[in-house]
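First, the structure itself, so that you have it in front of you.
Each chain carries a letter (A, B, C, D, E, F and G) given by its place in the written order, and its residues are counted from 1.
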Amino acid sequence: MTFTLPPGLALQKVDERIMTLNVGPQHPGSGHMRIIVQIDGDYIVACDPDPGYVHRGEEKMAEYRNYITNIPHLERPVIHDSCNVLYPYVLGAEELLGIEVPERAKYVRVIASELNRCIYIMYWLAIYGIFLGHSTMFMWPAGDRELLIDLMEKMTGARVTHAHFVPGGVRNDLPPNFEDVCLRQVNYFEKRIKEYAAVFYDNPILIARTRDTGVLSRQDAIRYGTTGSVLRASGVDYDLRIKEPYDVYDELDVHTNVMNEGDSYARSRIPWLDMMESCNIIRQALQKMPKSGSVRTKLKPNPKGKGLDSVYKRVESGRGSLGCYIVSDGKTEPYRVKLSVPSFRNLIALPNLLKGEKLGNMPSVYWSLNYWPVEADR
Amino acid sequence: MSTETEIPPADAKPEVATPPPKPAAKKPEETPVELPAFEKSISDKIVEKFGDKVEVGFVKEDRVRINVGRENVHEVAEFIRDGLNYDHVESVSGVDYPQDNEIEVVYHIGSYTDSSLARQILVLATRAQRETNPIPGNDATRLPTLRDIFYSVEFHEREVFEMFGVFFEGHPDNRRLLLPEDWADLPPLRKDFAIKGR
Amino acid sequence: MTSELVDFTLVSVALLGIGIYGLAVKRNFIRMLFAVEIIINAANLNMVAFGRFLPHSGGQTMALFSIAIAAAEVAVGLSLIIVAYRMYQNVDIADFRSLKG
Amino acid sequence: MIEITSTPLVLIAILGTVGILLPIISIARKEQGSNSFYAVIAFAALIVSMGYVGYQFYAENIASSALFSEDVIVDDAFGGFFAIAMLIVAVFTTVGSFNYMRKHNSPAVYYSLILLATIGMVLVAYSTDLIMLFVAWELMSIPTYILVGYMKKNPSSNEAALKYFLFGALSSAIIVYGISISYGLTGSTNIGEVIQGYSTLDPSLLPLALLSVGMFIAGFGFKMGLVPFHQWLPDTYEGAPPTITALLAAATKKAGFAATIRIVVLGMVVLNLDWTLALGIIAVMTMTIGNVAAIMQKSISRMLAYSSIAHAGYILIGLAVAPHSSLGLQGSLYQIMNHAVMKGAAFIAIVGIVTTLGVTHIDKLKGLGRRMPITALGMIIALFALAGVPPLSGFWSKLMLFGSALDASSALWWAPWLAIAGVLNSALSLAYYGWITRKMYFEGETEKRVVEPKSVIAVMIFSTIFLVGFGVYPEPLIKFVEFATPVISLGLMP
Amino acid sequence: MSVIAPKFKLSEFIKSLLDNVFWIILILVLIGIPAVMMILFVIEMPVINGELLTPFLALTWIADPSRILPVVKAFMATDIFRVMAFPGFGFAALLAAGTIFVERKMLAKLQLRVGPFYCGKFEGILQLMGDGLKLISKEIIIPAKADKPIFWAAPVLFVATAAAFVAFIPVAPGWVVADVEMGLLGVFAVIGFFPIITILSAWSANSKFPFIGGIRALFQMVSFEIPLILSLLGVVMLTGSLNLSEIAASQSSFPWIVFLPVGAIVFFITMLAELERIPFDLPEAESEIVAGWLTELSGMMYGLVQLGTYLKLYAFAGLFVVLFLGGWNGPMVVPPFPVELLEKGIEMGPITAGPFPGLPLFTQEMLNGTLWFVLKTVAVIFFILLPRGVFPRIRVDMLLSLGWTKLIGLAFVNIFIALGLLYAGVLGPGGLQ
Amino acid sequence: MADAVFLALAVITIGSAIAALELRSLIYGSIALMGTLGGIAGFFFLLDAPFVALFQLAVYVGSIAVLILFTVMLVKRELIFKKIEDKRRKFAGIGLMLVIMVSLGAVFLDSGIKTITTDEPAPNFRDIGIDFVTYYWPALILMGLLLAGSVTGALVLAKREDVENDQRAS
Amino acid sequence: MGTATGIIRALNSGIKHIATKRFTLRYPEEKLKFVGDGYQFDPSTGVGIAGLKGRHMLFHDHCTGCQLCSIACEGVAEAIAMVKVPEEQKQNKKSIMPQIDYGKCVFCGLCVDACPFYALYMTNDYELSSFSKEGLIYTPAQLQVKPYVAQDSEIQISDRGATHG
């Protein structure tokens, strides 16, 4: 069977003085994607994001595996945020399979999720630092992230790809003495990230560089359907942990951070504030958690979903609202799994924000969108 | 639902900004027989407006599903935006049903501006005709685009186009997005595209 | 000082001749600018040479003035070239034909 | 020692300060569009300077033309005369730009450059040192290069600027070379010492002196538009913005004459050469070629460009016969003053036509007398004055020039032919001026009157009063010219 | 069997070792010894102890340190020594190497990591050598459409220009390679060459990112040259000299930074910009334009550019020390040489017949001056390196506005301060000095 | 020694001047022009005028050459290598050049300056400074005005208005 | 002025950190300490026991050759293959045991969850690099060996910063 090639990413015929730059995929200023940037002097006149270099077809693979063996696969899109990216799938599978979750497991999940959020944001922050040419801000988060990775490793046995959440709870109980270690390291972690202010967030050069660049207005943020820190930096107070609390978030005192500027600086500062909030949540959860009890509801070896039903669950991940749409037809494999990922939703803001910006602002605006190329490609 | 203000005062520093009060943790009782009231009112409004043109898929807690035919999806979406205050699309997913010879496209629509709708997701589903031998872009697998109503569907619809071959009429930029430029096989998320070895 | 004044003036005359040749033959605006620069440099050389052999400090002063003025002149000329290049996509003065009597 | 209140320094202070401040103000105000604000500032600065020059003349602080000085500049009547002529033209240009520059983006720099160029022109007339002359010459030239190319979207403006720049750069290079040789011969850059050194020159170095003077003539001749060096002139005058053309035609050209009178005439005199014939031939060629070419032109600005070449020829008559007739330089100066006003007025009239009607082609000017009566009248008067029609001021200057040629006939056998050629050329020029008049007043029936720019009307009224007034009563102007003219002719002749 | 790691064979290793030894001996014999002989034959031989130094004599004297000492002293008086070794290239390269080491270790400390660690016994002190060997052994890749002659020449020219810059810096009284009367003007002239080489190198690579980087480098260097020159005018006014040695000597009582702090700050900032250090490393902004104008350079060409960059860094730091921090001036800390050493000489080993004179090779003032100069230069280098740890990169428009408005304004303030001091009669050529 | 240096400098200067005009590539032409300017600076050193020489190096080679290179590089690559062949014009030009060189050279050789030599010390650069502030100071002021005017004018010319306006709109 | 103080604050913070303890684990010499002996699973309660998910360990006397681990891995990585083993064991009728290819294994531990006979655990051994791909395939005999893992450093938090000791 033959196909005619659909229109690909055709380069436009442009003016002589406009230079077309391929930023990526080997370029250090793009992640695993290509941004086709047309510049006129120092100004960007057009920008065309070209993701898909790490497209793996996770959604297709999910249709061939049962509800349990999907778990290691579906956390692959964002290995630094693997608990959160798995979370909506697990919630959805629980609803489709009809399983209840023990109370302690819910708290463990919340702790793991918040730790993972911090781990992700630290990684993101490290890249943001190096995109701005701030090598210290690459090294510090990359180092301090180890504190939390150590915790996650104690908790789940793996450093990045945990595969810890399963329908019905979590895989294993917390190790002994975990609460104390966790509290100590989280406290130190919070102290550390507060030290970033002097070098990074209150640095006048950084402020001058990222203020008023790539301004996303409140209307546009809503219209583009952005989410997470991008949305909250533009003045929309929307956090799923408050708006649609899942697991035990409604029993915890969760605050959210909103800024109104909508520029790169606000977008980069919100995740930092989120980390402090995460530390608060972890402390609360450690305090309120039942000290003992089951963490996993026992499951049949090869469970079957409800017949012909669909469920859409979403959680607040490190980048924003992450939804999972699962269609079941009553078999052991899901009929269709769709991840609605925040990176993909935020990507649409990129060409609109970069238009008219200077080339020097390209990396900061791009990375301040809290965009993770692998997640967008799935 | 929540009563907090949408926008904190402009001069508030992020560190000292007092967080909005915690939303009332409302957990509706488990009453499977009785449909949730608020969600029911939403579906009722749509049914009232369009009558037979729409079909209520299900009404669950926080989720309402509306099935629409492809000829009505545009006006229903317009009503959802203008009449019901939904303002963005979170996800556009295609689902392939070879046995019905149809491809379903599901829009998950949410709202940021209306705080009473913050929990709600309205699922708008429509179906396009499915071709056995698809020629993406040039066959009958077509739907009207919703990009002029919800700007946020732009990249999602491009993805559905390349993954399912559903051409969205009126979309200004209907190009490939994720797949390689030289992809010449079936649209990969169809059921008849099989992974090697399976 | 074994070199004589006339040696320097002869070099200067040679540069002047080359400059005139460039102005007469070349039609590329940047080349013609080169030619003008060469002439000015020939004059500077003359001036400093005369100033050395008189001896008198005025020659060096004049050369300094002339260097600075040449800098300003080149800046203006090059900005004109940039404007012309944006308009015609060309720097060849023979191709500029909007003015014909 | 230069007095701190001497005219050139005060002019530098006033115009230079304003010229530097204008762009700074525009940056500080952060709005680009307000043309009239900057125009008013520039206009005020020019008027104040003119007032200061006039006051110096009135208070008799100015020595009669000294020509030499121990310093780089001298505050004499010769410079003052040129200063007034050039300031008048600069005022014309500024006033004419009120309307013309309205839509342009950066008016502040435009006016600042006009002021800087004015300083340059004035200082060329004042300077008595070769370095000073050269710097002033460049200060005159470089802003005008920019101004000619100021209409960036207009290809012809840019092309004009490129050609003007190239020839200007060449001319300044040649001048530098000439200066270098004359410096080498005399060991000084002061004009007085140079002239003195020339008069006591070793005969073996005479060819070099001749070379340097030849280079001066060539270099200044480029600006003056003398015939072998005139190719750039029509293109530039046509392509440049007409306000700037007025500045070029009426003022920078005169600066060339001032420099020539300061250096070349005297240098030639002391070098004891029979150079006058050469100048005479150049004069005849210049005016003939200018006039003949002007007849064939279809664009009015190009026609006036050729006419200004021709006028350079008329003025050169005075220089050619200067050593033998005291009237020669007087006539030249008189013609320079008249030509500044006449040419300036004519080009400002074109500015008015261009801004309101947008045309320069002669056929398109049909019925201008009904459409823009005041502009047309002022222009016609300026044109007839250029042709030398009797009741107007231009007549007297031409009369004086031709008279000087006749006056020198005792010493120069060919001098009367200069007068004859001048008269014939004037008659020739009357032909095309008359043709324009016919186009304006006797062709085209149906046109309606349009609104004329007020600034152009002001210029027209001033020029008409000047030309008619001094045409009817030329006495004060002649007195002024006599006062300003340096006495070189017989006194310095060896 | 794995292809990636072939099995280690002792015989192969010994073979390669012998191969290397062979080549070294061959090069030594064919080039080294003739070169030494030619130098000995060609350069003007000093007369030592009443005898003209011939190669033969020199070779016979190698055995006796008392007889070789005059040769060493004579060599130290030559220009070759000055250019290649002490105040010139060798000294600067040593300091530059030290700078690189200190930069890496200090930055690592600041960033809570270790830095180079394994190469060399102590804290990775030989890392630079390893890097250099790696760069030398790498293949040099030339882009296909590059303008080859310029592309080849640019790194060499860069190092040469940097070395020329180094030549102007006086290290100790009398110890400077090029003691020209207008040294500061010469420095300006040399600085002016860097943008040309940069833009030529960038253009010749015929690639987009180098060209953008080159244009940025050009903007940066050209726009910061003006405040650089203006900021130094204050010192020139107060000293009344353009000679760097004289400027350094004029600060015997106090450094100029006491009176001209504004000028020092402006000069320091422009220095950072001219050196393309963070926060002004726009020409090499890796996240925007891969590596800027260095993108297409590979192997030793890149190594040469890095060498030139660090030579330039040393030279700028030295210039700052000479102009604002008093150069070699400082309290005398080197103890005076023992009298008997000066008078009788030194007794050394059984070979020499008795105590022989001639030591020490350097005077006390020179050692003291060098010590202070090096100390001050290292301090300045530390402050040049420090911003790399704490600042992000700035943007082009911010850079230009900083250079053209703020720094030029501050430089004029500095000039007015200097003028005020001059006219008040406090300082200046006729003042306190 | 001095004669050898003089000859070398003359060859460099004149040769690179010819190269600047005749090389096919404008970039190499610019580099050759830098050679000419550097050669002239060498002559200045030879003439005991180090101040002017260093000024020449700093201003001409440091600034003007950069400007020229920058402009040349903005121009398209094909244009840089474009060559216009017009043999007749070229021969006429060479003729003109030879006429000028021979006639002027003859004039200089015939004139009295052939015999001028000097043993007096060269003028110091401090004399220049004194000249500047006592005699030439009005010219210095004019020079400042000239530089200011030309720089602002050149900036206005080189500024691109269309782009600014178009892009700010978005 | 705010700019100047900000710059000084940043410089000061940078200089202060020069004296802070470094936070780098010098890996081949130091190794991190883990929680227990590795990830284990209790099929009776269905809950795992926390530990590092490293290289597997196979208890031959528990393995029945039921292939459940292999089936569990099929959907994940297909790293487990059942191979014939020579020795005869009572409970292992088919005498097959898992052989694990660590070139494919993702260390998710689902095979441990699947084993109902306490036969498959995970250990703390994570240094599995090999010069060849074949070297990554661990036979049942190799899996039987309990690895020795040096664990000597732990994160220590003090006033001068955190360090690995």
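Assume a residue touches a chain if its C-beta (ideal position, glycine included) is under 8 Å from a C-beta of that chain, and two chains touch if they have at least 3 such contacts.
Owing to the predicted nature of the structure, the values given are computational and were not obtained by experimental measurement.
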{"item": "Contact-graph distance - origin chain E, target chain G", "value": "1"}
{"item": "Top chain pair, ranked by number of contacting C-beta pairs", "value": "C-F"}
{"item": "Taking each chain's C-alpha mean as its centre, the one farthest from chain C", "value": "G"}
{"item": "Intercentroid distance (Cα basis), chain C paired with chain B, Å", "value": "71"}
{"item": "Between chain B and chain E, centroid-to-centroid distance (C-alpha), Å", "value": "65"}
{"item": "Distance between the centres, which are taken as Cα means, of chain D and chain B, whole angstrom", "value": "77"}
{"item": "For chain E paired with chain F, centre-to-centre distance based on mean C-alpha positions, whole Å", "value": "31"}
{"item": "Multi-chain contact residues (two or more partners), chain D", "value": "131, 135, 138, 142, 146, 149, 152, 184"}
{"item": "Junction residues of chain G - those touching two or more other chains", "value": "7, 10, 13-14, 23-24"}
{"item": "Multi-partner residues of chain C (at least 2 other chains)", "value": "9, 16, 19, 33, 44, 49, 51, 54, 56, 58, 61, 65, 69, 72-73, 76, 79-81, 83, 86, 89"}
{"item": "Parts of chain B lying in touch with chain A, wherever the complex brings them together", "value": "1-2, 4-8, 10, 14-15, 17, 19-20, 22-23, 25, 27, 62-63, 65, 87-91, 93, 95-96, 106, 108, 112-113, 118-119, 121, 123, 133, 135-138, 150-156, 159, 162, 174-182, 184-185, 188-189, 193, 195, 198"}
{"item": "Complex interface listing, chain E residues touching chain G", "value": "1-2, 4-5, 106, 108-114, 117, 386-387, 389-391"}
{"item": "Of all residues in chain A, those that touch chain G in their complex", "value": "64-66, 68-73, 136, 143-144, 146-147, 150, 153-158, 161, 163, 171-175, 178, 184-185, 188, 192, 195, 198-199, 202-205, 207-208, 294-299, 301"}
{"item": "In the complex with chain F, residue positions of chain E that touch it", "value": "147, 150, 180-182, 185-186, 188-189, 191-193, 195-196, 199-200, 203, 211, 215, 218, 222, 225"}
{"item": "Of all residues in chain A, those that touch chain E in their complex", "value": "19, 21, 27-29, 42, 129-137, 139-140, 143, 199-200, 203, 205-206, 208-209, 358-363"}
